[in-house]
Amino acid sequence: MQYADISAELLERVRARAPLVQCITNFVAMDIAANLVLAIGASPAMVHAKEEVEEFAAIASALTINIGTIAPEWVEGMSLAASTASRIGLPWVLDPVACGATRWRTQVARELAAKRPTLIRGNASEILALQADRETTTRGVDSTDPVERAQTAARALAKTYGAIVAVTGATDFVTDGSRELGIEGGDPLMTKVTALGCSLTAVSGAFLAVGDSAFESTVAALASFKIAGSRSALNCPGPGTLRWRMADELHRLDAAAMRSEARLLSYA
Amino acid sequence: MQYADISAELLERVRARAPLVQCITNFVAMDIAANLVLAIGASPAMVHAKEEVEEFAAIASALTINIGTIAPEWVEGMSLAASTASRIGLPWVLDPVACGATRWRTQVARELAAKRPTLIRGNASEILALQADRETTTRGVDSTDPVERAQTAARALAKTYGAIVAVTGATDFVTDGSRELGIEGGDPLMTKVTALGCSLTAVSGAFLAVGDSAFESTVAALASFKIAGSRSALNCPGPGTLRWRMADELHRLDAAAMRSEARLLSYA
Amino acid sequence: MQYADISAELLERVRARAPLVQCITNFVAMDIAANLVLAIGASPAMVHAKEEVEEFAAIASALTINIGTIAPEWVEGMSLAASTASRIGLPWVLDPVACGATRWRTQVARELAAKRPTLIRGNASEILALQADRETTTRGVDSTDPVERAQTAARALAKTYGAIVAVTGATDFVTDGSRELGIEGGDPLMTKVTALGCSLTAVSGAFLAVGDSAFESTVAALASFKIAGSRSALNCPGPGTLRWRMADELHRLDAAAMRSEARLLSYA
């Protein structure tokens, strides 16, 4: 079966099962991430306190961790949730937001990566900083590197942590260290809406919850965003409009569209 | 006077007085709850720190507490705010989000309920978990039970805590332990927009601030959301659109619409 | 050169340089502030933990601090960030949200003001409370005073702290203690969208980052919001629509519009 067909089937599973996705995310993404997880057909739960993350993970179908607006008490909850997920076999995603911007942030991202996430998703600068000694080159949350520059780092990270690594940007790149795929689509206007990457991280949790292969689930999640982004950007007057259209389009996305509009690139 | 007429009058009072509603809510709901409180005509203030909740309660006209994304330091502020409100006679609302999902969360919700809120608003699963020993059955923040299943629990809670209890869902149910009313309307698409229930909790504070009876104020708040939800869902392409339309429709709602479009059910 | 021309040039600089603006803001404003900073052409970074604010300030081009939903650990981060900015000469903005509502909040605002922000932006009630002994008169986050009533306090604050002071409302007022300007425009519907003032604070950081004079940068920031607000309010059905239109209009705003639509008032 082709990846586009698999993606279509996974979307149908998300809709049928409405998996519970535990999201530990940042203050900017809280609203849009929860709304986009709902729009794709899953059920988001924003639960982060160390007093309950362990117990909650037992009823969740996936966990996503995003370090965007961390503070020490949040890192404690993230760490406990990540350890729990790895111990009980719950698929989980790490989003190392702005890794490389400060030493503390880079250290937090690396300690979480060492807990062996199922998927690491970031922009090129974040993936480069997570993999190498690049503390000083990241500039805030927006990538200053093209996706292509981070491919080698992504492969290395995938091997080091046994994770799928997704580098998102103009053309997304996914690798498990051996298999690789590109996902085209979307629109440059998407970079003018904050927390879309963070929301994709949360939505990836929904696909991981229903998939047989983490690589396939990641491809499906990325494809859903590229298609919804392309559709949302048609005749779009600006980023305010694009933001709410993303929820509409993810909600309207169906298996047929996934099959016909996913633009997947093999790196043969 | 009929409840629809009372609801219309209460809406006019909210518009005329613009009551200050102190909202302690979760990170997902912060934005939409504040916007919908503004849209109905009241003034929201998101004030949660234990350093100031007591002093702030003295200038507020109502308080609402939502435990969606709690952490220990937030629970301290909630607890102090709730105690202060009960002591000084300020009407306050408890929204026991995801009560039943974890032991700690259930305990927090019950400790707050014991401080005697004016109104408890939740979905059916939350109301069932708050009332009984149902720690293990709630699944995240979305209800897995129909409203009808929680009616007995709602009545029991109302009597135990001397509170109005509102169970919201396809048809809302309100009880003070003896009087009961149903509110019809809205649209299933509302379940695809996150934090609308949390926002209704905040808006309930606005109606409680101006009402002569907490039961009547609750009915008015629920009716306002059902009407705005029905209107917003007309020819609606998806949840992204529905979300911003809710603010437009609550802003446009007037006494005449409240009188003619509120669909109230007596349980005779 | 006229202020409108300078504002147009500063907008072009923001677009060309995409300055990194470190924003420490409240939970309500997180999403809209980040989106409006992106829409004007800058890059927002929501970084607040005391573990990293100092290091992050070194890569930022401006800092903005908003005390809307403070808690003690947030105040620590704000204080360290403010001290760092003043020490290294980074332009920074203080937004004393709801100053005057509680003693603690007023004290926090004054301690931050004493760290010598480049710009203080607030509504009339906040500016009055920050300047004088007015602890008991502020009512939540919405101003109960007209802009005009705060002009004397604004001048006094400007002299005391060596800061630009902007009082925003129906007609904005800017002073550095000697130079003064009014900015007309916008629409009353803007008061029905929460956190637009907080977002303006964040956007001011973008203009301060590229300007030669803090007074000029402030005028440009205020003018951009007045123009975008006027445009967004045309045939606008309600505050839900206005909210997303603000992002579209700030994104579409160009130098020509800034030149022709900025309505600046000299107080000769």
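To keep things simple, chains are lettered A, B and C as they appear, and every chain counts its residues starting from 1.
Note that contacts are C-beta pairs under 8 Å (C-beta built on N, C-alpha and C of every residue); 3 or more make two chains touch, one makes a residue touch a chain.
Treat the numbers as computed from the prediction; the structure is a model and nothing was measured.
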Roughly how far apart in rotation are chain A and chain C when fitted on CA atoms, stated in degrees to the nearest 5? 120
Count the residue numbers both chain A and chain B use at their shared interface, divide by all numbers used there, and answer same if that is over half, different if under half. different
Counting in whole Å, what is the centre-to-centre distance of chain A and chain B, each centre being its mean C-alpha position? 33
Contacts with 2+ other chains: residues of chain A: 27, 30-31, 73, 243-244
Show which residues of chain B lie in contact with chain A when the two form their complex. 26-28, 30-32, 68-73, 98, 101-105, 139-142, 192-195, 237-241, 243-244
Can you list the chain B residues touching chain C in their complex? 20, 27, 30-31, 34-35, 38-39, 43-49, 51-52, 55-56, 59-60, 73, 77, 243-249, 251-252
